[in-house]
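As structure tokens, here come the structures.
First chain A sits with chain B, and in the next complex the same chain sits with chain C.
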Partner chain A sequence: MSLPFVIIAIVTLLAGAAAMSLRNLVHCALSLVVSLAGLAALYLVLDAQFVGFAQILVYVGAVAILIVFAVLLTRSDATPNQTILSPGWGIGIVVSAVVFATLGWAALNSTGLPKEMPPAPETTVKNIGDLLMTQYVLPLEAIGLLLTAALIGAVIIAMRDDAAKTKMEDGRLKMEKPASPSSSGGHV
Partner chain B sequence: MTSLQGCLLVSALLFAIGLAGAVTRRNAILALIGIELMLNAANLNFIAFWRYGPTPEALSGMMVVIFSIAIAAAEAAVGLALIIAVYRHYRTVNLDEIKNLKG
Partner chain C sequence: MGFVPEAWRTIVSALISVAFIPLVFATMFAIITIFERKGIGRIQNRYGPNRVGIPFTNIRLCGFGQFIPDGLKMLTKEDIVPRTADQVVHFLAPVVMLIPVLLAYAVLPFGRNMTAADFDAGVLFFFAVGGAVELSVFMAGWASHNKYSLLGAMRAIAQMISYEIPLILSAVTVIMIVGSLKTVDIVAAQNHYTCGIAHWYVFTPWGLAGFILFFIASLAESNRTPFDLPEAESEIIAGYFTEYSGFKFALFFLGEYLGMFAAIGLGITLFLGGWTAPFSFLTWVPSYLWFFAKLIALIFTFIWIRATLPRLRMDQLMNFAWKFMLPLSLVNIFTAGLWHFMGAGPTRWAVCSAVIFGSYAILGRGLMEKQNLGRRIYRYAD
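Presenting the complex of A and B:
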């Protein structure tokens, strides 16, 4: 196990723990950025350059900004003065400790794991593009469709439905007072 | 302890941290951040097994991670849109106060 790997892993884990335990939500989002960037560095250590840069582009660039926007739009950027943990938090901690113990035990005790790192494969962008256009072309199309549907759906869910509401109120006003033109003032 | 086991341990710890945060914090955005951390821990496992596996030339683990990153981006967008819609309705993102199915 190399020294860079250990350092990056410690930074990633500490930032992840901070992202889950700090009180202020903006600090949590910034710690999440550090943790995700550390994961990208781990991918670079493991010779997966394309995935590392995609991770930085998508997570550090887009998802983190999205989270910060959501924090600000829901006005939860101030430090909360009440408790930040839900009532049954002890059980949650115990369950996640059990999960970690199980996974760690399995990782340390399995015998079939390869010991040595094989020589680094050739992972140029050309290889990846070739594979995406030949063997993985169907998943690629499905992902494109999924992303389009998800983004349109996200816009529709988050859209203010003021237009429908004012239209309904206009209709009601017209039905109640058909003779008075002043009731639908701004209505053209 | 080989370095593959080191990767698996880091990934397991990251998964446990994300799980603990997702189930114990009261804020809905923090729950979403925890889910993102768990997804990333799974991605680290895929990359580690791809790198140490017998045929890294096939790039299969890398492809899974690329698609998984795209799916996680879609999930984050929809999840945050849902949180904003819930906030507009209830004026809070505290998960303990959002209990009604019919507003």
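Presenting the complex of A and C:
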């Protein structure tokens, strides 16, 4: 383990812990961003430039903004008063530690994993592109189709909502207009 | 480098290539602000700053010393933080703004063999670090605990996300043609001459369309007029940095300008041949001079646009990005593919130009017809 790896791993883990335990939701989202950026740095330490940069572009640039927007649009920014830890947190830690130990033991003792590290393949962006367009073209197309479907679905949901709301507002306007002639121009 | 001990050479060379970036571009920022104020002043028929010259002398330098007192004023001003602001996030936001912007310069080739970090995925790196700017804008707007700040941040993020898509898609054409994400390779691919004229990508149909799309999108990304809704002073004071003062405000100001320079620098690298000379008989001029000449020319174009055009409305901004620029940049990617597979000759010029101008005309006409604008009427003062 090299020194950069240790530093980045500690930062990532601390930020992850902060994302779970902070009271203010926006603070949680921002620490999650630090944690995701730390993951990107780990990819860069492993010499995987494309994955690292794509991680930053997608998670720090897009997903983080999405999370933050979702937090802002769905809740008021009042911080909760009750404790963040649920009452059974001690048992939870024991159970998760046991599960992790079991899985780790199983993984370390399994015969399916190669014991020797295979030589690192030379990964350039060009190689990744070639593989994506030849060997893995079907999964790529499937993901593209899925994302397009999700996009269209999102647009349809948003459109229906919008149409209903404008209809409602029109109705309200028509109802209000004759009733209150004195407040003309005051309606926003 | 012979006078440096062997063991220190890597560190010293790294320091030199890194120190160059903040030094040169921060100085350029200071001088460009004066040019901007004077230029906009002249365009709007007033003087602009013309008093301050060298201190303690009577030399005025046409007011070009103005940036020194401006900078000192920023440094010595009181740093006011609102009581209800989120102290930590409020403090971190300008830092998060400036660091990715400075990082973006690492992949720009300023001249022959003058790239700080020649990554294999250089263009991707540029766009990846640019994504962190949106986050800093949100941090500033949210942490200020001010309605105008949050409104400005929301506007800025909506605008940046919308215009990032045409920005990246217009850059994709060049990456497709070159076949590499390395900025050095992209410049090298444009460093050929036929009949003495350089093979810059802006001189091809898809390159011209791509450059114009990239230019407009980078104008919007750097929040400048006509896309300055996030900081529209007549509507929301100063947008996301309303609650910033003193040096933190200066950092935002610096970050915004450095971001603009970096976006222009990438545009030059992708479409205007980077550090290459326009004509083969001018190749004796040092390469970095060409880069900075192109940079300054484009910055002055930005200033000119800022002084000339009025601000857009929010719906116009969004419609322009999603209904006009996005389809055009997709058509442009298709055209670049056609260009690549049709082989050299005049046919591909004709076909590619026809595709781009046809789609531009159809799209523009279609969108204008929906607006029911009617005929434009000119009224002149008698």
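By definition in this document, the second predicted complex is superposed on the first by the 123 of 188 C-alpha atoms of A that agree within 3 Å, B and C clash if a C-alpha of one lies under 4 Å from a C-alpha of the other, contacts with A are read in each partner's own complex, and residues count from 1 in each chain.
Basically, contacts are C-beta pairs under 8 Å (C-beta built on N, C-alpha and C of every residue); 3 or more make two chains touch, one makes a residue touch a chain.
All figures in this text were calculated on a predicted structure; none of them were measured in a lab.
When the two structures are aligned on the shared chain, A:Lys126 is found in touch with chain C, with no touch to chain B. Looking at the shared chain after the overlay, A:Val11 reaches neither chain B nor chain C. Of the two partner chains, chain B and chain C are each touched by A:Ala54.
With both structures placed on the common chain, the touch criterion links A:Ser35 to chain B but leaves chain C unconnected. Counting the residues of chain A touched by each of chain B and chain C gives the higher count for B. By the document's definition of touching, both partners, chain B and chain C, reach A:Ala62. Looking at the shared chain after the overlay, A:Ala70 reaches chain B, while chain C stays out of its contact range.
In the superposition on chain A, A:Val26 makes contact with chain C only, not with chain B. Where the contact sets of chain A with chain B and with chain C meet, they give residues 50, 54, 62, 69. Of all residues in chain A, only 1-2, 5-6, 9, 12-13, 16-17, 19-21, 25, 28-29, 32, 35-36, 39, 42-43, 46-48, 50-51, 54-55, 58-59, 62-63, 66-67, 69-71, 73-74, 76, 80, 83-87, 89, 92-93, 95-97, 99-100, 103-104, 107-108, 113-115, 117-118, 120-123, 127-128, 131-132, 136, 139, 143, 146-147, 150-151, 153-155, 157-158, 160 touch chain B in the complex they form.
Residue ranges on chain A touching chain C, taken from their complex, read 24, 26-27, 30, 33, 49-50, 53-54, 56-57, 60-62, 64-65, 68-69, 72, 124-126.
If you check the complex, the residues on chain C that touch chain A are 86, 89, 119-121, 124-125, 127-132, 134-135, 138-139, 142, 157, 161, 164, 179-181. Residues 1-21, 23-27, 29-30, 32-34, 36-37, 40, 43-44, 47-48, 50-54, 56-57, 59, 62-63, 65-67, 69-78, 80-85, 87-88, 93, 95-96 of chain B are the ones that touch chain A when the two sit in their complex.
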